[in-house]
Every structure is written in structure tokens, then in C-alpha cells.
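Next up: the structures, one after another.
Shared between the two complexes below is chain A, which pairs with chain B and chain C, respectively.
And then the complex of A and B:
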């Protein structure tokens, strides 16, 4: 019994991963995300100005010694808003990712392990949700529900989940036929224990890679919604919102929209690269 | 002719033909105007499309009974003259020989029906509020139309220049609900006729050869919609579009710097204001409203929103109307200078000395997003926190017109006539304080309604006094805080010229090829 129940984290892959040397891109991606996470935590403290402080008389201005990235047309310091904006730009996609991951893993394991009518019903619902045009549904949904980031996050999590359910389900179906799963069933372990303690560690690399992709998709989608003005309230320091609010200032201070746009791109690229590398390494370490 | 000599001749002939063709296309291009709109015109009938993009097309196609001159004075339109035998009666005489663009003659029946249809419930006209003073419209002769008002109203003639668009009775009767739609179209006596109307592909107008007035300078007008302001500017800049009237004053600097484009500014008949819902929560307290008036830095808003093409508004009327009424000597009424300490002192007199929080929905796709942020920052200094809540444009407009969650709203309303009887009842009467009305503050009293009636009824100095009294009440009670007035602008490629002013109704006909 101990042979099948004492599985270390990710089936021992994390321990083996520690012993392998990470690649350059992995290190850079992780460092970039770590820096952004630091900005998300302490950005408002290290920002040179209050991100909300306005100086309408100053208006939009190019970078200077006083304002390294210039100001927007309300006279707000762009650098301070970029630093403070990391919080909402990263926090909400993380929440989307956690929700998506929790729902898709649970439902995917259930469908793949139980099969039968549970699987059939779940897959038809998944088919239906996948057929919906995601961004359009999101815009309509948020519009009908009256806007707000809460609804946007919930809607994104629901829209991202079906694709991940399919992946987890197919992996689970393959794993459940293997000898270790058969042994666990023979020993009389409860299905939930088999799914979460034995099958889950073996499909973890894909789940982790999927989570990072969900993060990227969430980051881009929420920035898009902010750009459309139906996510966060006006004035909130947020990269997507900054791109939208400052895109008319390209002649006065292009950095006011270029920098947040670059930050979204860098964060998305770093998360994608890290996800890919983690998937490869966790799979290789198996 | 040998082949050796024939070849150069054929080539020469081909070149001549080609250059003739090019000259022809240059000529086509010279009298064809490609106009850009920022929104889709939804109807070519004012009853169903009382909005900027639709009316700009309507006024090029449909004549009105009267029109406005450069100073806002009422001039003959399809009616060559009119009399005003008593305060309630107007008798119009139609021009002779006016024809619709299909060749059918305009009759007094057509003209009478074109006005009376706006009160028909089957039509559900968006211009109905403009004809509430009309009691009866009759064709009293082959060329005579008599209008009887239910009460004297100075605004009748100016609003007739806007809302009394002439359409054939037969067509309008057959299509009460869908006249002006892409399927039905419209028919007018104006300088242009509709060649194509599609919600997706735009509108094409062609010169109306039967037009009774001077021959239009343009042969053809192609209108298409470009919703994004940056794309619209780039289209005009690159020559892909020849002009637009959708220039945001806050972006004036971008337009004036365009080569090959002439941007003309003129005073707009508008007023931008904050409405304070006097029937809700803390805003019931006049001291709170006065505190807000002192706390908002309106000079900063002017800079932010008008790009140097506007000014601070202290009185609650569009600037051209104030100038027409008072000249340079505006009446001395209470005003609220930007003064945070005075604002705090006013708030201290209220039941909310430490401030409060208000949920404030706003149009996330509108022009006022930045201004609302500036207002929220100003009010935060005295403890009034606005929780800005973004709503998609459609939902916001529906919610606002249903009078839901009004609290503090910002609006910049443009009017079309020079008469205060259009603006003031619109924003201050109790009748307008209901859903679908524009009195977003909800302020209104029987005495004020009587004062508004006086504004419509009286003439001369008595009328000016009545208007001053209404403005004084607004200044005292602050249901609205006037913010700024601005200029409108029209941008056209230098191949064209324009002669557009505050009271120009038919903008497209005012554009001409340069040198024409």
C-alpha cells in the first residue's frame, strides 16, 4: 500500500527537476515574471509618485528627469502607473488561472476516470462551450451583466475551462488503464484518492503547462477587455487600461501606451516560454 | 499606312485616350466628396434617426419648411413666406414648382402631413418632443399650410427648421414605422437624392437635378463610417476620405497639424455639465451640491476637454445663445469659483460634513471618461468619493434615459436651434424629469415650469428677464453645474472649401470643390 500511496510531489519529478540545469530562456522568463510579481506586490510603494495623483495643468508630457516615462493627459506619472498596474494586470489572470485549473482538473479527472454517462454529459456541455466564440460571448456577457472585473474573471474562467477539461480527460483515460492505477483499484482505494493522489501527479506536467497558457490567455483577454473599457473602472492603474486611455496621446507621449503594451507582451511571452520549458522538463524528468 | 508609321500613331492615340480618361476621372474626383462619419446613420427619417450621423444625411436630401441663416435667424425654406396673424397661428406659403426628386410635385398636403406625423403614435417619432406645442396642422390652400399652436411658443419656427422635414405624404403614410430605413429609403426635395443606403456599406448621394435652389456644387457624395477616431483622422490625413465633421475638440492639435487638410472651428451650440440628481441621497442637500460646484476645477476641465477650443461655462445655456441674448454683458448670477476650502466649508454646512461615497456609472466608450476621472479626483479632495462604474455605451445610454443610477452624470449636449426654449425645458421641466426625458437632475417645481412657459411665451425684454430668472434659480440651487462650452470643427481636404457656422443645418451642401 505504501508503494502506491506515498507518491512524492509530481511523482518525484520536482525533485529530479531540481537536479537538472535550467536553460537560459527559462531563467530569463522566470526572472521577468518574478520581477513583475515583485512590482505587483510592492509597486505602489516603490513608485516615485502616487499613481492616481493628477496634474491636469501639466497634461501629457514626454519623459523627463522628473517623470522618467512622462505623464498622461491627466498629468499622472506613467512609470508609477506601470509599476502599480502590475498588480491588477497579473492578479486577475492568476485568479482566472486558478479557477480554470481547479475546475478543469476536477471535472477532467472525473470525466476521464468515471466515463459512462458522467463523461457523456460533461463532454456534450464542453462541446457546446467550445463552440461559442469566446471574446464575443465575453463582451456580450460583461455588457449585459453591467461590466465589472468580477464578471469578466468568472466568464473567462468558464470559457477557458472546457478546452482544459478535454486535455485532462484524455490523459486521465490513458493513465487509468495503467498498472499502477489498476493496482490501486485492486487494493480498494477510493476513486477520489486514486484520481487526486495517483493519477493527478502523473498528468501534472500538462496541467502546469496548461495553467501557464491560461495565465497568458487571461492576461491578454483581460487587457483586451480593459482596452474595450468594460473591465476595470477608469483611472485604475492597469496595463490594458493604460493602452486604451493613452493611445490618443501618441503625438504627445507615445511611451504612455507603448510601455504598458510592451509589458503585456513581455509578461505573456515569459509565461509562455516558462510553461513550455516546464512542460518539457517535467516530462523529460518522468 | 505602313506598319512602321502606324505604330507610333496608335501609341499616341492610346496615350491621348488614356489622358482623356484620366482627366475625366480627375473631374469625377473633383466633384465627388467622400465623407467620413464616426457613427452609422441608422435612418434617413428624423422620426427614427434623430442623431448626428443620420441628420447630416437627412438635411442634404430633405428640405425643411424653413431654414436658419448664419446668425440663427429663420429664413424661407420650402415655404417662401409665412405670416403670424396671432400668437397661436402661423400660415406658410409654399414655393411654386417644387418637386420631389422622383418628379412628383410637392403639395400642401405633403407639407402638412410631414409635421403632423410626428405626433402620430404609429410613427413613434423621436422628434415628437419638438412639436408638443403644435395643436393642429392643415393644408388650407393649394400652397398654404396653417399651423395652430396650443400655446404661444417662440421656439416653434426655429424647431421647424430642424424637425419639419418634408416627405411625400403617400410614402410616409405607407411606412409610418420604417420610412428612412435602408429597405424603404426616403424621397425629398433637397439638393441631393439617395442613390444607395446600407447600414454596412454607407450612403451614396447624387445631385438632385430637380432641386429648386442653386445647383449643388458637388455631383456625388459618398459617406462611410469610421468609428475609431484615430483611424478617422488617418483616413482624412491620407486622402482616403475628403472630410469629416466628427473632430473632437480635445484632439484639435492633431487635426490642425495635418497637411493638405483645412480644419475650421466655429462655436458650437452646446453645453457640457454635471447633473446632480437632487432626489437621491446626499445630493438632496443644496450645500452638498454647492460644495461640488466649488470643488470641481472647471478651468482644468476646459484644458483637458477642449484643447484650447472652448471656455469655462458659468451660466446654464450654450454660449451662442447667451451671446444672442445678452451680448457681452452677462447677468451677474451666483458662480462657484474653484476653491477647495470654500467647498469644504459648504460641505460642513450639510448633513455630510465628512463626505460620502456615490456609485457613478459612466459610458466607457464615451468622450467623457477622462473628464469623469478628473472630477472624481477633485471631489475626493473634499471627501466625496465617486466609485466610477464602467458601462458599455448602449447599456449606459439606456440606463441614463431610464433615469436609473443618475447620481452624478456628465453630459455634453449639442442643440440645433438658437432658441433657449429648446434647451431649458429639455433640462429643467418636470415633464422631462421622467424616463426618456433629459432632465437628469430631476429638479423641477411648479414655479419653474411656469417660468419655462414664460420663456416660450414672452418676447423681447420680458423674455430676457424670464430667462435670467430661470438661470438664476439654476445657479442658486445647482441641480446642474455648467462646465464648459466648446467649438465644433469640420476638417476637409484642401481640394474642397467649406462655409460652415454654428447654425449651418445642411453641412454637406456647404462643402464645395476648391475654386468652384
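And then the complex of A and C:
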């Protein structure tokens, strides 16, 4: 099979994507997300202070030349904590996304391609999961039972997967009826090969768009959990946790909670916009 | 004049698409506009009713009943014209009607004055629907032909002076097609209205139109009365199209398509658009753009040469088709397949001998595709037996792994729709290489060799389906099917959605492959002329049953069953 391994996931669409001019909003969204990703990777090194270094004598202070975004009640530099917090704020949603994507694509392709009892059983499980009140499950699982961030990530992935399975499944069902898929079956190709080499590249635009939406949902949900004080241990530099910890300082240094809140909003908006445009362009180029 | 188009030019972001088209339709006239896909005929029609797709701009002049609609007319003026002065009948009877509204509601909507029950019934009777209860039915409850009748009644409801019919019968079965065309001609004569019939089917246009314009690469190459165009075309392009038409009366020795493909209108703006593909082309043809000139009898041609092209290929000796060895390769015995209460196949039996091509003719719903899919193992029949090269393949799941691998090498398929038959995400080379891995190691061909086999340059291996024309895609699909060297090739309407000139090439290719490789074929089609060119024997399927089978010549020349007679009679 080595001779025929040359099927890129997007079938040359990425190359065509480069040739067409992207819109202004797309560029801005991509740039914002890239900057945040940089902060997530190297934030701890760029940060002017150690994000954990305390200066209790200084306490909460408004922005100054020494501390551009001020300090929190323990005298920790807010800017440094925002930079360092990008890692946990973005990394965990990315893991949620990867898990969701892997599960929903595999199971959705399987259900849509195989149909029959495989599909029937899977869809009933999906119905069951969709009926669960998501946030409640998370709070019980992570908050009451005392699971850590790992459990929260896993639970989110399991909660996000059913919706995406339905989307992938319906697209797969439409693609498998097309002549090229029937030709592949007539050639006697293995089902896994038909699913991943033939069908998946043709539904990839939707999978990518879905992935960015999962990222947004994961980001917001995990920030929400942190705000409720569930998941990450207190004191970890993380945007969601910073909003929670510093909400009492609104009169002393409002920036300590406003900036991380703004960062979450901006990241979510940028990812949504990018997913939207990317979907349009990838499906256009198909 | 009801419709006067002068120097109409339509330009899009990629350049000119329609270039200086002139056309008139008088009251009481049936005008035809023929051309292959991409010739700009549908855009011309859409411009005439002010419905150009977004991003395209028209210039020149279009006067509908004396009102200029290019540039100056706003949406309000156009709304006043549409329905009452000019009306449009479209191709697809499945998407043209609103699925949530009844047939009667569609008609009543555009009727001037009050729409009474009697008036709607009268309008339905005009289009040959005598049952007034049809007015209360929804589109999904009607057959394709009935829908097209309802759509025609709706288009006529505003009593337009001019009806533009854009491929009104393309999506219909042969017999229904015949009925709808006859109906259109009758209604046109009764009402004395003007009709502009747009079609890719030369036979239809030449048979029923008073005047026909032949479009190519965005311009009109020839104009004149339908009958004289059919007998003595004055432009080499028209002659080429006529030569490419398969004959239903005899098997042609060679099917000659026009070489090359249609150039974009913008590329040939200052020369004869057809010059690059024309046998008679001289330097004069490329020097400047030949205008339409009169040649008498109300005929116009855009060819600079005075001698008329000849239609010689028509009258040569009849060709022969491979008859096969007589050894049965495929044996289908009493095959039954039901979907719920609908019986797709009601006990079908047929045989294909090794090396033989058998035509399978029938209208949509006759079960011909279900039969093909059963043989391919894409559906499992309820009863009966399918035997391929001595192996019972009725239930694919019951076969062993080795047997299944063998079946996949025995039978392959070429599907109908060239737009979906290749995976858009894979290059042609990857598609062919993948198929070749399924062949016996000794028979394995490289993608380049496979492309050469179907008459394409090996360099096409790096292309993606998007960069190929419909005919080229179909060739690649044939190459993919041949990669495993099958004994039986099932062709499910492989040329139905191709233009005539391309269709001739693909048919000739399939005939040649049948001769040279000795591949047996089960060739499914609704077109009797096509079956005459390719199949030695023909099986006629009607409502899931075989109603007639025998030598193609006998079946077509002396049809025994009533349905076959109707099919033959429906040929324009």
C-alpha cells in the first residue's frame, strides 16, 4: 500500500488555501490565536516576574511602571500570571478538542459507514449522553467526587463527542452513497481504508470547523469550572482561576480579573471566527 | 418581436462567458437554442428573464416585448414582465416545485384575476391532466412527468406571450420526454405564443423548432430552420455534432466525436471559436472573428468557407460488435428485490456470455440499477440467484475471503455521474494506483499505462478530478475499473450526462476495449441509439421484469412488446 499513501487529509485544499487571499478578520483571528499559543509555550520565560513570586507588603495595586497590569492581593504580578496562565487556559481545551475529534470522527465514520446494529447501538448511547445535563455531571464528577483537571478534561470530551458523532455520521452517510465510495467498495477495499482514506478527506472541512467549536466550548467550560473553584488547584496561574481569585479586588485592582476575562473572551471569539472562515474556504476549495 | 437579443455579452470574474449573441423569437414561433454544456445557452436564457447569477454582468441589448431589460430595468420592471410577458420552465421537476405547496397552489399563484377551482382544473386540462384532484396533491405525490406538466401549467398561468423552456425534458424518461415535447408544441400552437426551447439534444431541437440557433463557446455559430440544419449543416461544428450523434437505425463503423474540448469564450474572442477543433480551419479562420453571414433560405452561418461540410460518416457500412465466446459468464436467475411494498426486481433472469456486450434498457424505476447493484454486491437480493463465472455470488457475505477477492477482480463498474465517480480528494494517479493494488500481481499496470489505455496522457496522473472535464473523468473511471482486468464490466449509464461529441469518444473507447481486451459488458442505458452502437444483445426491463430480449437489431427494428414499441416510437 506504500505506493498509494499520497492522500493528504485535505486533498490539496490547503495548498489552494494559500493561493487565495484570506479576509481581514481571518488574519486577525489567526494572529491572535498564534500570539496566545506563543504565550502558552514561552509565557513563563517572557514574563517580567515569576508568576508565583509574592510581595505581600505591596498587596493589590493598580497598574504602574513596575507592574503593567498591577498586582493581586498577594502582590503577584498580574501580567506575568496572564502570560503564564495561557498555558493551562489553552492546553487543556486543546486536549479536550483532540480527544473529542478522535472519538467523534472514528465513531461517526463507523456508524455512518457500517449502519445496521453498530449504528443503532451507538446512536442510542449518543442519545443518552446528549440527554445528560453536562455542567451538572462535571460539577458532581470533579467538584463533589474530587477529581482533578484530568477528570474534567475527560468528562468534557465525553460530553462533546455525541453531538459531533451525529454530524460526522450524517455526512458519512451522504458520502458513502456517492459513486466514488461505491467504486471503492466494488474494488474490494478494506472498510477502514474506505472510511479514512476516501470518506474522511471529503468531510474534513466540517471536522475542522467542529474541532474549533469544541475548542471554544472547552475553553469556556474549563474557565467556568475554574471560576467555580473546581478542577485546577488554587494558586495555579490560569485565566479562569484568576477571574475567580481576584473578583474580590474589583475596587483595589479591577484589571486583575478583567484582563483574564477579556483574554478568555478574545480567544473564544477568535477561534469561532477562524473556524467559520476555515470551513467556508475549505469547502469552497473542495 | 417578443424577444430581441442583440450583441448580448455576459462577463463574470473569470472573463467573458457569452460573447455577442443575437437572437429573436416572434409570436407563434418555436425557437431553439442548442449547444453543449458550457456554451452559454442557459445563461443567455437567464439573462432574458433578468435572473443572472450573482457576480455576472450583462451588456448589449435584450428587449422583451419592446422593453429593454439590460442595465436600465430595475427589479420592479422585471417583476412586471415575469410571469405575464415572459415565463421560465426549468429542467429539474424535483426541485422546481415547492414541496410544501399543492399543484393547484402553484398554478393559482400567478393567475391573473381570481383563481377558482374550475379555472385551475381548466389549466390542468390544458397540460393534459384531466383529473382535477391533482390540484390538491403535493409534488412528492406526482411522477416526474406529472410534475413537469404542473410546472408548465404554472409557467403558463400568467398567460405569458413568451415561454423560455430551459432543458424541460432532460431529466425525464424517453417516453415521458416525447409526451412533454408534444404537449409543449401543442400548447404553443394553441396559444400562439413564442417559445424559446433550450436543449442539448440536437434531435429534439431539429425536430420541433421552427428556427434553431447553435451556440458554441458563448456565441452563435449557425442559425436557420431546424429541418434544413439537420440535413445540410452550414457550419463544421453543427456537422461535427450531427456526426457524433449515435444512430438508432444501424450500428456505425466508427463513432466520431469532435477532437479537443470547448475553449473558454474569452480565449477565442478574436478568431473563429471552433477553429482549433476544425478540419477545415485555415489562416483566415484565425485572422479575425467571422461574423454571422446570410447564405439564403433564412440561414446564417459564422463559417468563412463557402463549401458546406459533408456528413459522410453517416452512410458507411454498418459496424460489427464482438459477440463473445458463448460461454455464460454472468447468469442471473429469477432475481427478486423488494423495498418495503415496492418491488424493484420481480423475477429477472438474464445471461451475459464471456466477451459479449449486453444492453439493458429501461426507464427510471424499471429496476436496471438495482440489478447492477445486486451483481456488484452493493445490495443483497431477496430471492433468486446470481452466478458469476461459476461462482454463486447472490449473498456476498456467504463467500470466503478468497472468493470475495476473486469476485472483485471479476466484475467492476463504471458509474453514471462523472461529478461524483472519482474521489475529489485524491489525484487521478492515486486513484488508479489504489485500484491496481487489487489486481493479480502479474496483471498490475502503472497509472500511466492505465491512462494510456483510455486515451489520456500519462501526465494526467497528477491532476485532481476538479481539473478534468466530464468526459475525461469518465475515462479515468473506466481506467480504474479496468485496473483489475475484470471479465465483466458493468456500465451504469456511463455516457448519459456527457455531451454528444464527448459521448461518441467514450462509446468508441468502450467498444474498442470490448474488442481488444475481450471484456464482457452489461451496458445500462435509457438511450436506444446508444444501445444500438454498443450491444449485440438487448434486454428490455419494464417495472422490474424483462419484457423482451434478443438481438439488438431485432429488438429495435421489430419490437415485440408494447413497451418496447412505445420506446422506439418516442425517439425524436
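By our rule, the second predicted complex is superposed on the first by the 274 of 286 C-alpha atoms of A that agree within 3 Å, B and C clash if a C-alpha of one lies under 4 Å from a C-alpha of the other, contacts with A are read in each partner's own complex, and residues count from 1 in each chain.
What we mean here is this: a residue touches a chain if its C-beta (ideal position, glycine included) is under 8 Å from a C-beta of that chain, and two chains touch if they have at least 3 such contacts.
Values in this document were obtained by computation on a predicted structure and should not be read as measured data.
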item: Chain B versus chain C as contact partner of A:245, first or second or both or neither; value: first
item: A:185 touches, of chain B and chain C: first, second, both or neither?; value: second
item: Chain B versus chain C as contact partner of A:115, first or second or both or neither; value: neither
item: Those residues of chain A which chain B touches in one complex and chain C touches in the other; value: none
item: Of all residues in chain C, those that touch chain A in their complex; value: 376-378, 404-405, 407-408, 411-413, 415-417, 420-427, 430, 433-435, 437-438, 464, 477, 480-481, 484
item: Residue ranges of chain B in contact with chain A within the complex; value: 229-230, 251, 253-254, 257, 297, 300-301, 303-304, 362, 364-365, 369-370, 372-374, 376-377, 387-392, 394-395
item: Chain A residues touching chain C - in the complex, by the definition given at the top; value: 1, 3-4, 6-8, 10-12, 178-189, 197-198, 201-202, 204, 286
item: Parts of chain A lying in touch with chain B, wherever the complex brings them together; value: 52, 54, 56-57, 59, 73-74, 139, 142-144, 146-148, 228-235, 245, 247-248, 251
